[in-house]
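One chain, chain A, links the two complexes that follow: it is found with chain B in the first and with chain C in the second.
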Partner chain A sequence: MTRYLIKRILGGLLTIWITTIAVTLLIHLVPGDPVQIMYAQSQSTTPEQLEQIRRNLGLDRPIYEQYLMYMGRILRGDFGTTIRGNQPVLDLLLVRLPNTLLLAVSSLLVTMLVGVTAGFFAAYKRGTWIDTTLMTGAILGISIPSFWLGLMLIYVFSIRLGWLPVSGTDLKNLILPAITLGLANAASVSRLTRSSMLDVLSQDYMRTARAKGLGENIVLSRHAFRNGMINVVNMLGLQFTYMMGGAIVVENVFAWNGIGRLAIQSIFQRDYPTIQGFILIFATVVVLVSILLDILYVWIDPRITYS
Partner chain B sequence: MTPPLTSPPSTAPLPTQRSEFRQFLRVLFRSPGAKIGGVILLVLITVALLAPVIAPFDPTAMGAGPILKPPSAAHWFGTDEFGRDLFSRIVYGSRLTLMIGVIAVCISMTAGVLIGMVAGYAGGWLEAVLMRAMDVLFSFTETLIALAAVAVLGPSLTNAMIAVGISSIPFYARVTYGAVLVEKNKEYFKAAQAVGAKPVRLIIRHLFPNILSPIIVIATVGVSVAVLSASALSFLGLGAQPPSPEWGAILAAGRDYFKRAPWITTFPGLAIAITVLGFNLLGDGLREALDPQQRRS
Partner chain C sequence: MTWLFFKTLKSLNPRITKPVQRSLGVVVVTAVMLAACGGNSSQQTTADSATGAGTAQEGGTLVWARYGDADSLDPHRTTTTLSWQIFDQLYDTLLAFDDQGNVVPNLAQSYEIAPDGQSITFTLNEGITCHDGTPFDATDVKYTAERAIDDANPSVTKGAWGPISQVEVVDPQTVRFQFETPFGAFASFMADPFASMLCDSNEAAGNQFGVSSAIGTGPWKLVSWTKGDEIVLEKNPDYQKFGRPVENPGAPYLDRLVVRQIPEAQTRLAGLQTGEVQLIVNPPLDDLDSVRNDENLELHVAKNTGQNFFFEFTISRPPFNDVRARQAVAHAVDVDAAIQAAFGEGLVEREKCPISRGVFGNDQTFCDQYTYKHDPERAKQLLAEMGYGPDRPMEVILMTSTGDNREKMVQIFQSQLQQVGINAKLETMDIGTLNARVKQENQKTSGISTFDMMDWAWFDPDILHQLWHSPGAYSGYQSPELDALLQKTRTTVNPEQRKEAVNAAMRYLLENAVHVPLYTPGSLWVYATRREVQGYKIGPFNRPVFNDVKLVQ
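Now for the complex of A and B:
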């Protein structure tokens, strides 16, 4: 267990380290002069000013030196400032990160609740109309674009029925985005749960449990559900990553003030320091949460011992 | 137009002969899902090919009708803020959607399969470096990779296609790598190695045909993923730009008139969903037909 943990954490650190290199290279992959592109839209700047900016960003130095400079700054918590307004990038990101995490976690709850329930019943009622209906719903669910689903929910619940606000950042505004993002992923989770449950339901210990006279509810909850969940819980980390990725799109549908919305704005403004900061923070969060969920998984399932 | 339809059946591992290919098709289309998926894609390809015949108006002609009118006999899907005919725009948009899906999948498949095969075949440090890199990319989600690529290249339809293509490379690489590892240990491969076949011949003549079926399956589903990602980029304003009749772009433009004219956002979304559904259904069918062990009732 300890060895597995150390290996997992080292792997995570490696991923974050590679990200820092990728992020430094990012600005050099831009076709043309990034400084000119960044400032093209903002104000008329003189060539001298551009030169000054280039020097400030360290773009006039060799690339390894730039990398060391960037790393040094990041380790001190300095992610640079935005192109417009000169605000510290890290502050902007950290103010919005809780919103994104709140959305991702709420959506994950919706995904698990809907996906696991649907998958469980589909497997239990295998071959019946319930199974067919649920699995038809699932394949429709993975085919519907999340941004469109979001807009349709806004139309029905906000514009037509007036039950929920169109956008904003208090908790009532979380409902529609969380349902949108949650349902989009519930479809794939329900398919996974179903196939995992089908495996479990055909196991010998299920027959044994029934044969020794246990009630159906106990057989299902204690024997079937727990074992069927192992695969699903194993996918939690991946699902969380999907939620973070999906949040980027959904935040923009609902004007939810998270880091995804900031990222899209900074891509439009060609604000490379913010884009770099966003990628780093995103990668760090995803890596950390995956490690945490992996530990949780080992803790839940006593049969698993990583050596 | 899709990879599975155009790939010559003679190279597929299961159907080596014509009659076997026919039998494969019979197995494939026995499932109602694959049937529906096949029909959806057939209709989509027909619409894309015959767009000038089917569309009653020029997709970019302003004032084809009155502005912001709901669906009617003259304009089946209504009109937008410039009086453009939405039905004609969506019909022409199908060409873009198919192009995006196929080109993006070609990019990710070519690069991914190459990386996966080289890593799986070569082993050693090359394997470690390549697959570790794929793991890192994989953990970032396709959305982040696509966004980073667009941030570098700048927003446009072509760049969105490239970005979506790049974003799925790790997925194809992983599937290919896994398949190669299995094949490498089989008798036929060891025999070919033993008689002194050269690496290039081993990879092209022996490995590739045998890992083709999982790749065909993920490429079919991959088109649906690519269509979804590219339309999301266009929706965010980072892909196709107005006045392009790309479905995600139409949807994005319709947001400004969402309350007054919800049909502008409704129809392109439906078109995306139906297209993606078609590829997903066919992909599911292919998976079952190519992999009889998989149990799905």
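Now for the complex of A and C:
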């Protein structure tokens, strides 16, 4: 197990490192440099002054040199400062990261609650109207863009009913974005749960369990559910990554102060240090979550051992 | 499709107001019910009686929702609108713009420009205090200016301060700026938020200045800034009005001003409808009728913002290196019709000058003489002279940036151009990409030629120098003749002579179809408030002012 974990962590570091290279190359492919964007709209600054500012920021160097300088600083724990406003990038990201994580985890809970329940009942009541209704709902859920769903929820629960605030970053404001993001993903989880449960329900050991006189509840919870969940947990890891990504859209709709929103803004402003910092943190979270999930498998399915 | 559904749903349901402002009470509820009974009718109903229902009172908090956040509260670190609209609340300036856009005394009670135009002396008002209680005097002015032009400080406004050679404290109430060469744009710059006066006590905050600390003499003091979320300001009880275009002679009436960030326009509007926020900027332009028809809401459209939407051309290759091709485009488009179709009534105006309404030197009558009238026949004739015709249409690319109905405008232009035989392919991109792209295109000598609908905003005719004095903002059109004209607009200090110099430059730009003005304002200039907000005003150059605001309780 320890050896496996060390391997996974080293692999994770490699992934993060490759991501930083890819991102550095990609952001420099996008036309427009940050200094020009910063000054383009309302400044009387001479081209010589622009060059000077570029030099100060190190933007006149070749990309590989900029990358090496950047990595050198990162290894010393220095994420640099934003090009606009000159503020420490790490502070900006760390203030927002908990918000995004909170949103992603809450959404994941919604996803599990709704998706797993729906999938489980659809499988259990296979072929009935319950199954049909739930799975039609799932297709709808997959098709509805979260952007639109978010606005509809605002319309119903904030404007019409006045129950929940429209926007902001505190717990009461978490409900709508978590539902928006959670529901969109619940749809695909419910379909996966259903097929996985169907598979389990038709296994011989289910018949055995029933034959030996176990109550239906115990059969379902201990034998069916736990076995059926292995695939689903696997998928939840991926789901969490989607949540982190999907949070970018939902954070914008609900003005949730997370890192996704910061990332979008930074991309438009070509604020390289912020974009790089965002990707680094994002990649780290994704890698950590996937390692944690590997550990979770062992707990769910004692048959799995890492050696 | 989804939008249609959303809108249909909205129109099916009469809007229900949250009982937030109880004093509006019966009148509003009745009005809403009446409106609801009247089905989908859109008359102005009882808006005025609704505001008359309560009395405006001092105190309270106003929440202002915007699409993004300030980058910094340090005026030397950023130039975005989102940032300087906050500078304008925290700090004050030596001079100010009145409602007509004239430069008037403010923190400085008077100023004197030396006959040679190479120095300007300000006499400060007495008894001004900084937010931390220290007196504001000439040393603070010197501190601000030197900080802004110091090479050691990464100041982004250095260029705008001009060729300053020295800032001299004559006595505590008098400060003198010396220039290497006469600088005509200085007085108006002293009225702009980029030239916000800082108190020298900010030095103690070190790196935290502009983040958690920002000491000025403006009407609002910084309480806290949660980045990406909200900026909380409280009134400066010691504020005295000098030159700002407001009525209130002293401190703001409101206790607090909270500036929140809500990026999505539909969400901002929803927040306004529920009463969660009282002021929003940039409501969704497609949904303005829902603001106009809601008796709880009021629409505010900024005028005299200095914003200018215009065509500019890539002249590094055919066909736009030929003035006739540029003129053909200018004659082919019907700007008034396009404005009507894209914006409807009352949002933007036709602009005929390269510097926009509200800015010194703007003169519609003067510019009209050199404006290209909508004349498709003339356009075809010019194209025919160049060898284009029905068998050989002119192929070009028309670029613009996303947002604020710009795409609708260029689509209309596209069809108008097609009628005279110009096939324009449209490309829309974010403003950062567009700025880079225009510069790239100007450096290319082959390929399909491009022109673009660009927008710039500035408070002084010096904008033309920034755009067109070689090498220019985009390395586009350049000529020694134009350079000389523009240099004159910058170094002429006497207002009448400067106006003449500006006229000459504008005439050159128009006659050569270098800068073809289209409309103004057109960028983030629409605001909406709840009815209980009284006294909200957008000053010249798109500056929201809150000194006079009271809330109807």
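Points worth noting:
Methods note: the second predicted complex is superposed on the first by the 285 of 307 C-alpha atoms of A that agree within 3 Å, B and C clash if a C-alpha of one lies under 4 Å from a C-alpha of the other, contacts with A are read in each partner's own complex, and residues count from 1 in each chain.
Everything that follows uses one rule, which is that contacts are C-beta pairs under 8 Å (C-beta built on N, C-alpha and C of every residue); 3 or more make two chains touch, one makes a residue touch a chain.
Nothing here was measured: the structure is a model prediction, and the numbers come from that model.
With both structures placed on the common chain, the touch criterion links A:Ala255 to chain C but leaves chain B unconnected.
Of the two partner chains placed around the shared chain by superposition, neither chain B nor chain C is touched by A:Thr208. Using the contact criterion defined above for the overlaid structures, shared-chain residue A:Tyr155 touches chain B and also reaches chain C. Of the two partner chains placed by superposition, A:Ser221 touches none, neither chain B nor chain C. Within the superposed three-chain model, A:Asn86 lies in touch with chain C and out of touch with chain B [touch as defined at top].
By the touch criterion defined above, A:Leu198 lies against chain B but remains apart from chain C after alignment on the C-alpha atoms of chain A.
Contact with chain B, but none with chain C, is seen for A:Met244 once the two complexes are overlaid on the shared chain. Residues 30-31, 145, 148, 151-152, 154-155, 159, 252, 268 of chain A touch chain B in one complex and chain C in the other. Only residues 2, 6, 9-10, 13, 15-16, 18, 65, 68-72, 74, 77-81, 83, 154, 156-160, 185, 210-211, 226-229, 260-264, 266-267, 270-271, 273-274, 276, 430-433, 435-437, 439-440, 456-458, 462, 465-466, 471, 473 of chain C touch chain A when the two sit together in their complex.
For chain B in complex with chain A, the touching residues are 33, 132-133, 135-136, 139-144, 147-148, 150-155, 224, 228, 231-232, 235-238, 248, 251, 255, 258-259, 262, 265-266, 269, 272-274, 276-277, 280-281, 284, 295-297. The touching residues of chain A, when paired with chain C in their complex, are 30-33, 36-47, 49, 53, 56, 82, 84-87, 92, 95-96, 145, 148, 151-152, 154-155, 158-160, 162, 165-169, 252-255, 257, 261-262, 265, 268-270. Across the complex, chain A meets chain B through its residues 14-15, 18-19, 22, 26, 29-31, 126-127, 131, 139-140, 142-148, 151-152, 154-155, 159, 195, 198, 241-242, 244-246, 248-249, 252, 263-264, 267-268, 272, 275, 279, 282-283, 286-287, 290.
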